[in-house]
Amino acid sequence: MEEQKKCAVKRIGVLTSGGDAPGMNAAVRAVVRTALYMGIEVVGIRRGWHGLINGDMYRMTAVDVSHIINEGGTMLYTARSDEFRTKDGRKKAYDNCKLFGLDGIVAIGGDGTFAGALALSTEYPISVVGIPGTIDNDIGCSHYSIGYDTAANTAVEAIDKIRDTMQSHERCSVIEVMGHRAGNLALYVGIATGATAVLIPEEPWDFEEDVAEKIRNARLAGRTHFMVIVAEGAKRKADGTLDNEVVGNGTAGHQVADLIRAELGLDPRVTVLGHIQRGGSPTARDRVTATRMGYVAVKALAEGKTNRVVVRYFGEIKDVDMVEALKQENRLDEEEKQVLRAMTFSF
Amino acid sequence: MEEQKKCAVKRIGVLTSGGDAPGMNAAVRAVVRTALYMGIEVVGIRRGWHGLINGDMYRMTAVDVSHIINEGGTMLYTARSDEFRTKDGRKKAYDNCKLFGLDGIVAIGGDGTFAGALALSTEYPISVVGIPGTIDNDIGCSHYSIGYDTAANTAVEAIDKIRDTMQSHERCSVIEVMGHRAGNLALYVGIATGATAVLIPEEPWDFEEDVAEKIRNARLAGRTHFMVIVAEGAKRKADGTLDNEVVGNGTAGHQVADLIRAELGLDPRVTVLGHIQRGGSPTARDRVTATRMGYVAVKALAEGKTNRVVVRYFGEIKDVDMVEALKQENRLDEEEKQVLRAMTFSF
Amino acid sequence: MEEQKKCAVKRIGVLTSGGDAPGMNAAVRAVVRTALYMGIEVVGIRRGWHGLINGDMYRMTAVDVSHIINEGGTMLYTARSDEFRTKDGRKKAYDNCKLFGLDGIVAIGGDGTFAGALALSTEYPISVVGIPGTIDNDIGCSHYSIGYDTAANTAVEAIDKIRDTMQSHERCSVIEVMGHRAGNLALYVGIATGATAVLIPEEPWDFEEDVAEKIRNARLAGRTHFMVIVAEGAKRKADGTLDNEVVGNGTAGHQVADLIRAELGLDPRVTVLGHIQRGGSPTARDRVTATRMGYVAVKALAEGKTNRVVVRYFGEIKDVDMVEALKQENRLDEEEKQVLRAMTFSF
Amino acid sequence: MEEQKKCAVKRIGVLTSGGDAPGMNAAVRAVVRTALYMGIEVVGIRRGWHGLINGDMYRMTAVDVSHIINEGGTMLYTARSDEFRTKDGRKKAYDNCKLFGLDGIVAIGGDGTFAGALALSTEYPISVVGIPGTIDNDIGCSHYSIGYDTAANTAVEAIDKIRDTMQSHERCSVIEVMGHRAGNLALYVGIATGATAVLIPEEPWDFEEDVAEKIRNARLAGRTHFMVIVAEGAKRKADGTLDNEVVGNGTAGHQVADLIRAELGLDPRVTVLGHIQRGGSPTARDRVTATRMGYVAVKALAEGKTNRVVVRYFGEIKDVDMVEALKQENRLDEEEKQVLRAMTFSF
């Protein structure tokens, strides 16, 4: 119990911000239990930065985080705060840190959440540590982000069901999965479901090469149903850009389906998985990763560190510099792309 | 094993037709195994009536139906056949009955499937028995239709996930479930998920009374997220009718969401569950019901009956006259409607 | 809202007693919301009759039952109370009814729970209504008991997984499911999973006829893995009785497995499903049935009825006389037994 | 498609051996599809080395591996072969390699499978590559083994259900999970479920310190139900060793439960998860990892490599020397142990 002695912080806050992700509750629980284990007090901040500005916070005990490790969503609620992007908003937030006596904050969310944390800690003497939580797994600095595994399994289970009926009817199916700017989820889910073709935002697609030929070859190889996985931000080569406002409402999926109907004479069904992917009881991997990240975050604060992000980097969970972390760009796994190419090749 | 002696049929065909439903495989399996148990041969007909017309059929053994009781979809494929609606089509179908030596047919599907079976048996000396299989549970003569329970559970599980994220973000959610003409599924799922409001095809909705007041009362009672379940065929009172061609693509759901946005200032998210509801490993109830119905269907043929539909009627599984059965109109459960009213009342 | 006027009760208590079952929370929620809808106050009694004796109870509002429709277990806890079986215990219980001003009680549980309720209402002027909640579905008066469908699906999903590995290894599997005195669950699950043989408490088994021949015939028909479903109270014909104290710990399953090993030279794996079957998020059917039963129970109290049990009887949900209800003996479905015989026949 | 040109092998075999694991089918599928993509023929060998010895093998096409990515178990069956451990057995195996014209083999299984492969390739001119597939994740050379994620999620879902009923009854639960010699799964599952205590084979347990104090502290902190996760090979400190023959049948779990009953006066329920953990549709992670490993295995053979094992090592999937790989000992994750200590600390 040596950890309980030499803590650089006495009372820390924890919040979830940005889009919610399954496993955020497990992370909150780990922050609370690790802090108490180390003799640090914990304050739960509701609705992200918004709650810090408005003093919407309360002291948390071990009992408060009982029975939440297996719950989707976030018990602390989440919200986006425009006010926190202003100097004035951050001033109010820091005033509450003083009032409540917080000397550290664990902020669970995505790049935007980290940028907010960094702004606060740059302007005021408060330590911050970020934990990546977003189902898109598109945070450049970390190979893993809480919620991704649950979202992927939810998508895979839904697509398995769709496959049942596509097979019975010998039909073509177009399924739109999450991913405005990042194709990680689409690529992963495409491999896991044995998709006929996968379209992602990073690589504008050509109908003839990326869709029609894939379907034709599968048909020639004897298959009679086809599944095309489309990330919501996937763009057609010719088009240049998709209208961003409508992204995520099936625009990308319907565009592909319309072409399949027009060019191949099939009658594809479009399914937009949407918000189903954001919820659900977290998987074992998300629970364990969230727990480990919560532990590392509090440990970093206890050791007097600030401006850190907890990442999974080549199999290790550790904290890295937040400024450096925010510079990292998200990348697709090159090996996964190669593997997909081999798997969607038909003969 | 007395059953094995006195069979009125020697070789029967089994087919699935119309939209597929989880549990159809369990029904096919039960037909095959019961027939073999009774000493009757079984021929599997692929792609519904289409396969009967084209002779797309094969002798089935017990091994053919191994490991399918837990599979969604239908191993016999399904299709809609325009040709079978013509006299000429049915002539070809009957010619194949003669060629293959079939004296009975078990047809698994919905009202359309039964109508086809009846036309065939009216024109030609072949015995037919129908088994209700459709996720809508909208077959008037039977209180239960294979696939309904699985579809309901799939919808409920998906909505549970959506609720997680709606709760985190304190948002409103509009979820469109299957049901062009029948609200049975929407009503059932609405009760099971604790919905704020449920809109069904049978009762055109009024925004103020059926949506706005429900949401307002829930908000006044302290709730901060709301779930509106909309059957795809639900129509607004003012509108009279929905454009049928677009039904099922989110039209009904988006119409409700747009009004919520305009009138209540909320920013609802729309999810169209779509074809997910059609697939998946069947639930215990669908497997057992399908098995029992398959057994009763073959028994009816063995006893020399024809033009029968196997139904669940007030807890009993039995066969009834097909002509009478087709006259029955689907009805909503009045008790469920009362219960929903009490459950969606807030204070 | 006519219902809200003429209520025979003003403040009712609700409790769960005996073994818990998935859907009990949905029933509690329905009792609370229906009561409030009708203008009746509700008091939640913790830990069954034990809580009534000790005054462990609190006023419930709509918010108290938010987000529990999808939770397994019971938020009111459950316990068995020896004290309530004594006159003295029931005196204390009734004293608390007077102190808290209760004029009616909804008791959710099994036959034992109903017997307790009846004793209380016989001795004191308090109205009682029972709701059947037990995963065994062994309550004679009702064709359905809350929790049964969830337990059956849990067992089926577990057995589907076991089948995967039995198939890979071409092995025999013995699976013990719940059921001390009643074989309903084993029979239902056996049909749903396509079991090779099913052994139930009501019909002492003969190894040669009920196990060995079933396995031999399946092997002769080309199958290489076998699944024997055993209810925990299934007894061997020769033995007369099983030692009751060890029932449920795999005794029945291991007895069968040992004989298979000795007589057939196979190396069966035994799995005892145990308490897994008691938990889990309730299925759509359990949620809807629980909600409807809760509604009917409160309505009965509001109408001035007492000593009623809410039952599902041939597809209808209604309240019946409790004295008559307790006289009914549990019976197996004869049709299910016939169907199982046909399905486990191999050739 | 450069890969398709320069292949060092022309026709390879693929087999699964040892205990089956979810994801093995996905690996077989990836081997077949990658080989065909590269212009290599594939032969499926049934029942592991046993099938190679007996010539139980057949040419596989893309169609053979359709619709198996989502299936648990292994379509190639698995078995343990004593004969293959003899020189004579391996001679027969190699003779079949010559007869069927195999110049490479992909062997999916555990350490024993790899040892067999190495023996064959040492004695005869045939290339071998291993893919780790075992739910225990106890293969020293690889941080991940196919099937582990599915097994962990199956255990977590089962324990979540048990928690529901433990909470309702305020009871103690002892759950035995897989792991004869390795505690990886127990540790991982213990963190994911928020266990009160976790006992593993690597660290003999002391009742007072590792069980009693954990439960007492949880009780003092206000909790009323407790979950102890026990790996089947966990040994009590005093005992030295467990009787190996009975391991996995609940021996370890019942030993702990008996002590809890005797020393703490609680009445714990024991659940042995057993073979449930071996089956089930593989998770997204197991499908993707299996697919990637299958791809790397064939690529290695195509490049002329032999005696390689495909591993996941700090986030990368690559092939390593088999001799070196077999020397690696399985280790528990030290960080996970620290995290568990913090999480099971109560106050």
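The letters A, B, C and D name the chains in turn, as written, and every chain counts its residues from 1.
Just so it is clear, contacts are C-beta pairs under 8 Å (C-beta built on N, C-alpha and C of every residue); 3 or more make two chains touch, one makes a residue touch a chain.
This one's a predicted model, so the numbers in the text were calculated from it and none came from an experiment.
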**OP:** Tell me which chain's centre, taken as the mean of its C-alpha atoms, is farthest from chain B.
**Re:** D
Original post:
Between chain A and chain B, what is the separation of their C-alpha centroids in Å?
Top reply: 36
Subject >> Separation of chain B from chain C, taking each centre as the mean of its C-alpha atoms, in whole Å >> reply: 28
**OP:** Between chain A and chain C, tell me the centre distance in angstrom, where each centre is the average of that chain's C-alpha atoms.
**Re:** 40
Original post:
Considering chain B alone, which of its residues make contact with at least two other chains?
Top reply: 160, 163, 167
Subject >> Touch-based graph of the chains, sorted into line, ring, star, complete or other >> reply: ring
**OP:** Going by the contact rule at the top, pick out the chain D residues touching chain A in the complex.
**Re:** 3, 29-30, 33-34, 36-38, 62-63, 66-67, 69-70, 143, 149, 152-153, 155-156, 160, 163, 167, 188-189, 191-194, 221-223, 281, 283-285, 287-288, 291-292, 295, 312-317, 335-336, 338-339, 342-343, 345-347
Original post:
So in the complex, which bits of chain D are touching chain C?
Top reply: 16, 19-20, 22, 24, 71-74, 77-79, 154, 158, 160-170, 173, 249-250, 269-272, 274-276, 278-280
